[in-house]
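Here come two complexes built around subunit A, the first alongside subunit B, the second alongside subunit C.
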Partner chain A sequence: MPHDHLSPSGHPYRPDQDHPLTYWQQMEIALRELLIEKGVTTAAEIQSQIEAMDARTPANGAAVVARAWTDPSFREALMADASEATRGMGFDIGPMRLIAVENTAEVHNMIVCTLCSCYPRNLLGLPPDWYKSRAYRSRTVREPRKVLAEFGVELPPGTTVRVHDSTADMRYIVIPARPAGTEGLDAAALAALVTRDSMIGTGLPRQP
Partner chain B sequence: MAERVRVSTRMPIGHVRTPAYLRGKTGVIERTLGPFPDPERLAYGQEAQKFPLRRVRFTMAEVWGDQAETPDDTLDAEIYEHWLERVE
Partner chain C sequence: MDKVETGRRWHDMGGDAAGPVPDAQHDFALWEKRVDALMVLCSGKGHFTVDGLRRVLEDMGEEAFETMTYYERWIASVSQNLVEAGVITQSELATRMEEVAARGPTYGEASGG
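Right after this comes the complex of A and B.
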């Protein structure tokens, strides 16, 4: 069989992990088992934390954006102190701080973390692989408009691009501009238009 | 008039949250945050002094010179106070 390393769909199978554990995998297991043995935590607590992390999705961020579009006093609070305003919606960013940056007719914002992969996980869930790639991290600060074009984002002439490098204690969410023709929609319908990428700044919201 | 600051050019080893591509560049303070503990010491479990954290806005022209894609676009980054010097 010449192609028995390919799945029926023609893609290669992921190889089995027959290699020994890496140093860091051993360290993680050793630390976790010690914490459980010493009664600091339990396997069930660790599992429930993993489930809580997995449950976070861009729907959280979309609810924040839709509320900012429909509730002027919330929008004002969000721009003044996004950590506090989103905590009031039940999205606790923990020890980090959140800054909301707003797209307008004149300004388009983009988020990147050149040093690692800082991302507002409580609002957007796990970052996509490309967000952590060296290509995205290095190119976004160097040629943001080319990166935007590859994501299919065309900005009107005269738009200023503001790139935000998430270098320290802040996390960022882009509040995209509300699409035209959505005047009659309620917050739930609006939230369905808000994509993950529109909150990173590499996309625009869907049109209704 | 926004306050102008220049990022230090020093290149220490260790856990530094000041990107190398911004060292020596001049920008304006967009807002001040913190204070937050110095990550260069915190990362090693040492007692860490707290510093104000400045959001500094640079033009792409300042960061990339003639190679800037669009000179008036901007780059904002969070820089700890001990990395900044005031520019007249």
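Right after this comes the complex of A and C.
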């Protein structure tokens, strides 16, 4: 492919701005304008909602995990009621019920939404495309070890794999097992080891 | 298409056979973020529920799942829910969509930035 779709910095141009307008983009613009004109919302409110969503990244979840690794009473509260415990850290969890599931030497947890795309978006941001794919939704509950292998995760044969199917009202976050050799690290250094996929269960934390 | 033999609908795909998990990822475009924001705001204000969003997505069927992107399906469902709720009418939306398309050939031009 010639590079005529790349910007001078070598990146693709924003596909939302310079490609031909699609029917569905046309609908988004029209609907947004009508809702603003009718006073249902405002341009500023839409913009601040986008900014709030953009600000939700896996770093939020990583801070929760690192605290669970370093603060036993928080860990206990998190496992008892993850919505309440994470609200206590200042995260906007909304009305949904959040359940933390903890990986151990014996058990590995994974999350999926077989019906659609429910995801702990308040702590991890928007779900990756593969999370919403037919393949992940279909196969994870049937052959989780094969799916894990595609993510490069090979678990010992004796490990129990538990798959949690999310719903709109009840979502899960995986608390990965703290890597060995991290005894001397503080919460900030530990959080840097916690990847998005390790909180979905399709990955493991980085090694220090 | 419904799965007649199991009584499950098309979207209830947990346990089905499928190919490898795709690893392609795209950054969300501005229009997609706007769709997400409209869903969160309109449902938060009580105009419809996440169950309403899903009902329309599921009724759109498997072909829509295979041929439309995630936020294309969402904007279709958000619009349908708002028509059903009486917040907008179908003809208002159609008229405005024509006006939008007349502004220019790209998203940037049609959305005024």
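To be clear about the criterion, the second predicted complex is superposed on the first by the 174 of 208 C-alpha atoms of A that agree within 3 Å, B and C clash if a C-alpha of one lies under 4 Å from a C-alpha of the other, contacts with A are read in each partner's own complex, and residues count from 1 in each chain.
By definition in this document, a contact is a pair of C-beta atoms (placed from the backbone, for glycine too) under 8 Å apart; a residue touches a chain by one contact, two chains touch by 3 or more.
Nothing here was measured: the structure is a model prediction, and the numbers come from that model.
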| item | value |
| --- | --- |
| Touching partner for A:Glu28 - first (subunit B), second (subunit C), both, neither | second |
| Which superposed partner A:Arg145 touches (first subunit B, second subunit C, both, neither) | first |
| Partner chain(s) touched by A:Ala189 [first = subunit B, second = subunit C, both, neither] | neither |
| Most subunit A residues touched (candidates subunit B, subunit C) | C |
| Which of subunit B and subunit C A:Glu45 touches, first, second, both or neither | second |
| A:Ser133 touches, of subunit B and subunit C: first, second, both or neither? | second |
| Which of subunit B and subunit C A:Asp54 touches, first, second, both or neither | second |
| First, second, both or neither for A:Pro20, with subunit B first and subunit C second | second |
| Subunit B versus subunit C as contact partner of A:Leu115, first or second or both or neither | both |
| Footprint overlap on subunit A, where subunit B in one structure and subunit C in the other make contact | 114-115, 141-142, 165, 168 |
| Complex contact set, residues of subunit C against subunit A | 11-26, 28-38, 40-42, 45, 47, 50-51, 54, 57, 65, 68-72, 75-76, 78-79, 82, 87-88, 92-93, 96-97, 99-101, 104-111 |
| Contact footprint of subunit B on subunit A as seen in their complex | 97, 114-115, 141-146, 160-170 |
| Residue numbers on subunit A that touch subunit C, as the complex places them | 14-22, 24-35, 38, 40-41, 45-46, 49-50, 53-54, 112, 114-117, 126, 128-130, 132-142, 147, 150-151, 165, 168 |
| Interfacial residue positions of subunit B with respect to subunit A in the complex | 17-19, 21, 33-34, 36, 39, 53, 55, 63-64, 69-70, 72-80 |
